[in-house]
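Before I ask anything, let me first share the structure, which is written out below as structure tokens.
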Amino acid sequence: ATITISCGSVGQDFEFCKKTTEDWAKKTGNTVKLFTPPQSTTDILALFRQMFAAKSSDLDVINVDVVWPGMIKDHLIDLKPYSKGAEKEHFPSIVANNTADGRLIAMPWFTDAGLLYYRKDLLEKHGEKAPTTWEELAATAKKIQDAERKAGNADMQGFVFQAKAYEGLTCDAVEWLWSYGGGNIVDDKGNITVNNPKAAKALNTAASWIGTIAPTGVLNYGEEDARGVFQSGNAVFMRNWPYAWSLGNGKDSKIAGKIGVSALPKGGADGKNAATLGGWQLAVSKYSKNPKEAADLVMYMTSKEIQKERAIKGSYNPTIPSLYQDKEVLAAAPFFGDLYSVFTSAVPRPATATGLKYNEVSAAFWNATHDVLSGKEKAEASLGKLEGKLKQIKRREW
Amino acid sequence: MSSKTRTAWLFLAPMLVTLLIVAAWPLGRTIWFSFTDANLNDMGAARFVGLENYFGEYGLFANPNHTEGFWLSDWGISILNTLQFSLVSVLLETMFGLGVALLLNQEFKGRALVRAAVLVPWAIPTIVSAKMWGWMLHDQFGVINAILQGWGLIDAKVAWTADPQYALWTVVVVDVWKTTPFMALLILAALQTLPKDCYEAAHVDGVHPLRVFWSVTLPLIRPALMVAVIFRLLDALRVFDLIYVLTSNNNSTMSMSGFVRREMVDNGYMGYGSAASTALFLIIGLATVVYMRLGRMKLSEDA
Amino acid sequence: MSRIDFQQINKRYGPSLPLTIHDATLTIGQGEFCVFVGPSGCGKSTLLRMVAGLEDITSGDLSIGGKRVNDLPPAERGVAMVFQSYALYPHMTVRENMAFGLKVFGADKAVIEQKVKKAADILQLTPLLDRLPKALSGGQRQRVAIGRAIVKEPDVFLFDEPLSNLDAALRVQTRLEIAKLHHDIGRASMIYVTHDQVEAMTLADKIVLLRAGEKVQTEGSVAQFGTPMDLYHRPQNLFVAEFIGSPKMNILPGRLIAAEATHAVVDVLGVAVTVAVDARRAKAGEAVSLGIRPEHLLHGEAEGAALPVRVRHLERLGESSMLYLDPQAAAASSAAVALPLMTLRIEGHASQGAGQSMQLRLRPEQCHLFDAAGQAFARTVELPA
Amino acid sequence: MSRIDFQQINKRYGPSLPLTIHDATLTIGQGEFCVFVGPSGCGKSTLLRMVAGLEDITSGDLSIGGKRVNDLPPAERGVAMVFQSYALYPHMTVRENMAFGLKVFGADKAVIEQKVKKAADILQLTPLLDRLPKALSGGQRQRVAIGRAIVKEPDVFLFDEPLSNLDAALRVQTRLEIAKLHHDIGRASMIYVTHDQVEAMTLADKIVLLRAGEKVQTEGSVAQFGTPMDLYHRPQNLFVAEFIGSPKMNILPGRLIAAEATHAVVDVLGVAVTVAVDARRAKAGEAVSLGIRPEHLLHGEAEGAALPVRVRHLERLGESSMLYLDPQAAAASSAAVALPLMTLRIEGHASQGAGQSMQLRLRPEQCHLFDAAGQAFARTVELPA
Amino acid sequence: MRRSPAATAALYTLALLVTLVSVFPFVYAITTSLKTGSELFSTSLWPENGSLANYVSLFTVAEQPFGRHVVNSVVVSTLVVVLSLFLGVTAAYALGRISFRGRGLLLTTILGVSMFPQVAVLAGMFEMIRALGLYNRSLGLVLPYLIFTLPFTVWVLTTFMRQLPKELEEAAIMDGCSPWRIIKDVFLPLLWPALVSTGLLAFIAAWNEFLFALTFVIDNNERTVPVSISLISGASKYEIPWGKIMAASVLVTLPLIGLVLVFQKKIVSGLTAGAVKG
């Protein structure tokens, strides 16, 4: 049978995908065709939904973002009959995320979580430590920023992150909320919890960064914008995904070797560390003509050997806890060990609870957050409105 | 049916048939869905809900949940944004387009190259040019801020696409940059078909060039200009990708098309999204009719 | 001041093309009415357009009112022009077309209104004032073009065949109006292109007859420049003689028998014809051409040499008739040469029929004589100025 | 077969506009040469365009060769047309313009070549064959338009003022060529619009004179349809009388004194003038108009009634002169009425001067008489057909 | 008639300014395409150590055959333009030169087709494409593209067609031309400026279309240029491969510039000069 798989468009992803699928094809005597999905996650989802709506059998295996299962669960087959229990090896939180109505609709493939990057050299120079709370971060950032600016680097910024009105802002804001104990927008039972003082505090704190330690421009920053500023040596702190590590330490990077990574700060002394859960799964389309072969491919690609290989060669975070103790893996990506807890305790966005309406919820949330950040509204007012909006979105049920 | 009329329909037939094949199903389907509660997740389960999507409890218009008033709802804001954006950008494009067309209409050395150069903004794919501008307008490493700072025009780096104060106008500027060639090229074609001899008459009459432009050129190219503006207006009212790429899909800059996309694709509300697109269709239709009335454009005028 | 001076004006449309206008030198005095005539394509419109400033002057100097205007834009020359192709503004009504030239000068609304009304009355356009050009007949369009020029009352009027599409009555009337206008404005000069000889003769103070074809390159564009009577009675060469007058002058080949200061005797088809010219610069035996206008030929019994002819066919025009005649060469003379038909104009209804033989009489004082190069011998009779 | 029948043809350009053509009924026989004349804007082009099929017929029947063609497309009517506005294909050279019609027809290349060459020779366009229309003079463009029609040798030729921009010599020549063509093709019918009376008179088998203005609505478009001599000698009404002939007929108001079968006596400005018409249908005392053409007025000593006049001004045209005269009404008659100027045409160079008094003689057999409604009384003299 | 020196100077200055504004981002794109690595984040207009690596890399990924994509785009766009112009010209003849009832309504309806946002018709179009069996073929894109190029070409050509002198058509009718022949031999040559302009605009529109191309074609070999560019990938998920994208953009814009250079010669004035008087 011929299996068409969508497993990433970016270079490294693609190379891996190609190699593993070829191996599988050779092993099983099937053929595999690679589909190159668009870059933007939103675009990929739109495309998939379009194809599902048309019951297209053109795609067998698809890559699934961590927040999607709720939205596309109806179009994916249950992998349980094919997994033979293999899912038990993976992080349970992720498996839970991938389970809907008792069906295992996707297999974890790799995971992702927000990290705080900082300039080791600058912190050292100004005698600071990596901050543990947002407040510390703000103070440190301000101090170093002002000092550096005085020293001639007018473009120095304290902190850059993703605050463009898009899914990335939801990720960032969930971290803030969670770290201040402000909940997770919608709790597991589907109750709208976002309108609470802690959440408001979190957002107001974030808003206070804009124009002080963060440029107004962050309001339109995505991952790359932030990395661009950080990597050209113009920022002290950055919130980003693990991918920035290897690039930041790349050959032509101005700050290679000067980067430190830590967990994101807590919200105040009694806050928690919080990192939003990211990452991708693999799933089989309900409309696939060869579900059996497709499922087999999924199982192969999410297997331990393959994840290990990917962790070593591409520093993809495995979804199998045992791999975080694997020596070969740790040798390649030392912070896997240091930040193990970050990855295991990553906060999922409220995708499971809100199901089909997750996108809507997320958009409403990032818009409300953006309004606060851009100073249009105070967090309290904005969150109040957001609550109303979320109620409207929810209507009778999620 | 007279033979002339028969000829007319005969010549129209291929185009009409093609258009019917291409457009009838998609458009009809969209309009139909606007009366249902179809969801992208399960299209088969669509139920007819009448005007629910338009005027129902959660409808586009008359939504009682819009406690702050219609114009502050996402849909209301997107309508206002779109109208604002369209009016300003089309106006500017028309003016610049006219100017550039008049320039390209002159004889001078290197005209061919300038003509090609002028078309470059239009020729670069939107997905690229939008990102390119996004990059160039980047507050930290964007070349625009660098240049403006270099010339001393601004002293602090401006967050062109992020600052709500500038975002929409930045989009307008980029749109004007990108689509002025469209106007210019169409107007240029119109300029080139003007009768020469009445210009000679005006010349001998000693009419000032500006006056000639105003009293002779403009009326004569008006039909073509009107059409160019109509299509620009249509495009502008449906603007999406530029805003989407440049400023993200923030409420404060969202366009009607952006709203449609959000509802239809991101949120999967086919019915509601279809209603929004049908409403958008009606709004555009209305705008066009108003425009054609204002411009006293006659569709059935003879040669 | 609106004297117009052409100094050795040349015009070449393209580097590889021959000169269209060659060495045009003439002066049109202030307030003079000058008519350009010449064969189709001889360059009348070109010359006019050069005065208007619409066509570059290849070489030579053009001055208006004593000022060289070669490089002056049209607007600054103070001219109004009626284009051969009308050049109406297609989007303006008749009224707007006529008013436009005035409006741009910032003339008073009431004044414009009144001028347009007057012109429309003269040109019988009043009921059409609110129509667009495309709903007008050819003649009506032409009248709008005239109207547009005359409302402006400029220093120099340029008319390019302004009446060609009008009917006789309207034409006469408009012609008179133009003459009147010219007279009223007084200081305005006019250049007027026409194909209608009656127009040329009646309107012109001066006529410029332009050449076409090969000879332009060698002899220049201007064939003759003078008063209407000059061109009619004293054509300087065969080209002028043949061009002016309708039907055109009869030209017969001949040989000089005697060349005196007061007259010449010419052998024409074996008949000795006396011509009242000063022929001293020629010698007996030379080949010459004898010219006589159709309206000057006499027939039946009258004085003068008698030329036998036979009627080929005839045209009746009502008030007069035109007879086309085959000269019957005397057996002796060159019968081999195919002779052109001669034309005779008879008042009223001609009684002759085709095939009939006649005797034509040529009065010495009505004949013209040209040498082999086509140059005229000066006539010795007294002629109107 | 190319007989053309107009049966009560009407044309209205717009619902709110008056009829442009009203009740045109006429028949142009096969091979006939019919000339349309009439004031500018009277509908000549419109009528022509209806024959061509370019303009819808509002009501009435048009048939060509016995077949009703109201709804036949132009291409199937077998007509060729010269447009008043030329309508040349601007992107084709002169040669291509002329060849296009034949090419569409699928004619042989060699045949096309040869026909175009011939037409170009006739029209003196040979050196211009490879030019585009925009590099041609007005007359040259017009000739191309003619050439385009004649190469096609159709059943019906439609010419809309085809010679208006040509000089006299070329005009005569082209006119002759068209007549020759008409003669050669034989069975082809021609409809020809012109403002040139000489053309109309010399070319036409039949002339259609169309009315313009108010009277079209009441009396129909066709003022008279007949041979040239008919229109000249037997104008059916004042309009025709005044329109045909240049300069136009002198019209004097009068009152009938005696109305006989062979003649009438009219009191004109106090002078009793005898007119050779059958006036029985009128009664003495009725108001009438007396008409006499400028070329028929006699002066000095001659028979006939004598009308005292004074010379207002005069024009000299070379071969003839035109005198404009103020009639000197006898004190008794209606001096209050402003009388129109009369025109007198004198052969040769007039000796009179302005202000001079003269006596005009009106010969009974040269006079026309019209009743108060403008209808002519039948003339009783023998007249050319 | 000559221009004064001041006017000439003004003219060239303006031309220069317009050119600069138009191509500045493009120049920026070129320089960016020559940059690699961190240099991308610098604002300098000139690459310190320019390299053609980005260009080379475009053609070395077997799964994303850029050359093939360019060919696909050329074929699709050309077909779209040819079809649109053909259908547009014939329809414009009927709409512009023949008066019949319902003309205004028809024009409005045609315009109405382009009043829906692209996303709104996406789903329906997707179904239709699949029903017609055109799914996953670049050639299948021709049909959906007509939905935005056809109304445009019809309207523009109708406007231009309407302005040609009536007498020319009549002369052609008298010469025995069929309507098709009139269009082909008389109108088309006079419509060159309009044809070239609309053709170029439609070509570019088809060339740059993204949403349909992304949705209706999933085969790597069948993709068109904009999708191809959007799929150009950096080394990892969030990295935008600016250099390569710019290189690709430069590469796909150059042929368009060539196209303009070739066809702009047809945008000449005075095509109808000398045709009619009045």
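Every chain is named by a letter (A, B, C, D and E) in the order it is written, and numbering of its residues begins at 1.
Methods note: contacts are C-beta pairs under 8 Å (C-beta built on N, C-alpha and C of every residue); 3 or more make two chains touch, one makes a residue touch a chain.
Everything numeric here is computed off the predicted structure, so don't read it as measured data.
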Joint neighbours (subunit A and subunit B) are E
Contacts shared by subunit B with subunit E include exactly A, C, D
So the chain most remote from subunit D by C-alpha centre is A
Computed over C-alpha atoms, the centroid farthest from that of subunit C is that of chain A
Chain-centre distance (mean CA atoms) for subunit A and subunit D, in whole Å, is 94
Whole-angstrom distance, CA centroid of subunit B to CA centroid of subunit C, is 61
Subunit C and subunit E have mean C-alpha positions lying a whole-number Å distance apart equal to 57
Cα centre of subunit C to Cα centre of subunit D, whole Å, reads 23
Subunit A touches at least 2 other chains through residues 50, 53, 228-229, 232
Among all residues of subunit C, those touching at least two other chains are 53-54, 73, 84-86, 88, 136, 138
So subunit E residues touching two or more other chains come to 1, 41-42, 122-123, 127, 165-166, 190, 230, 240, 270-273, 277-278
Chain-chain contacts, ordered by label, are A-B, A-E, B-C, B-D, B-E, C-D, C-E, D-E
Seen from subunit D, its contact residues with subunit C in the complex are 13, 37-41, 43-46, 84-85, 135-140, 142-143, 160-161, 164-172, 195-198, 201-202, 228-229, 232-233, 242-248, 293, 295-296, 315-320, 345, 347, 349, 384
In the complex, subunit C touches subunit E at residues 53-54, 56, 71, 73, 84-86, 88, 133-134, 136, 138, 141
Residue positions on subunit A within touch of subunit E in the complex are 4, 8-14, 18, 34-36, 38-39, 43, 47, 50, 53-54, 56, 58-59, 222-224, 227-229, 231-232, 240-241, 243-244, 246-247, 250-254, 314
Listed in rising order, the residues of subunit A that touch subunit B in the complex are 42, 45-46, 49-50, 52-53, 71-72, 74-75, 155, 157, 164-166, 215-221, 225, 228-229, 232, 234, 356-357, 359-360, 363, 367, 370-371, 374, 376, 388, 392, 395
So, in the complex, the side of subunit C touching subunit B is made of residues 52-54, 73-76, 79-81, 83, 85-92, 100-101, 104-105, 148, 152
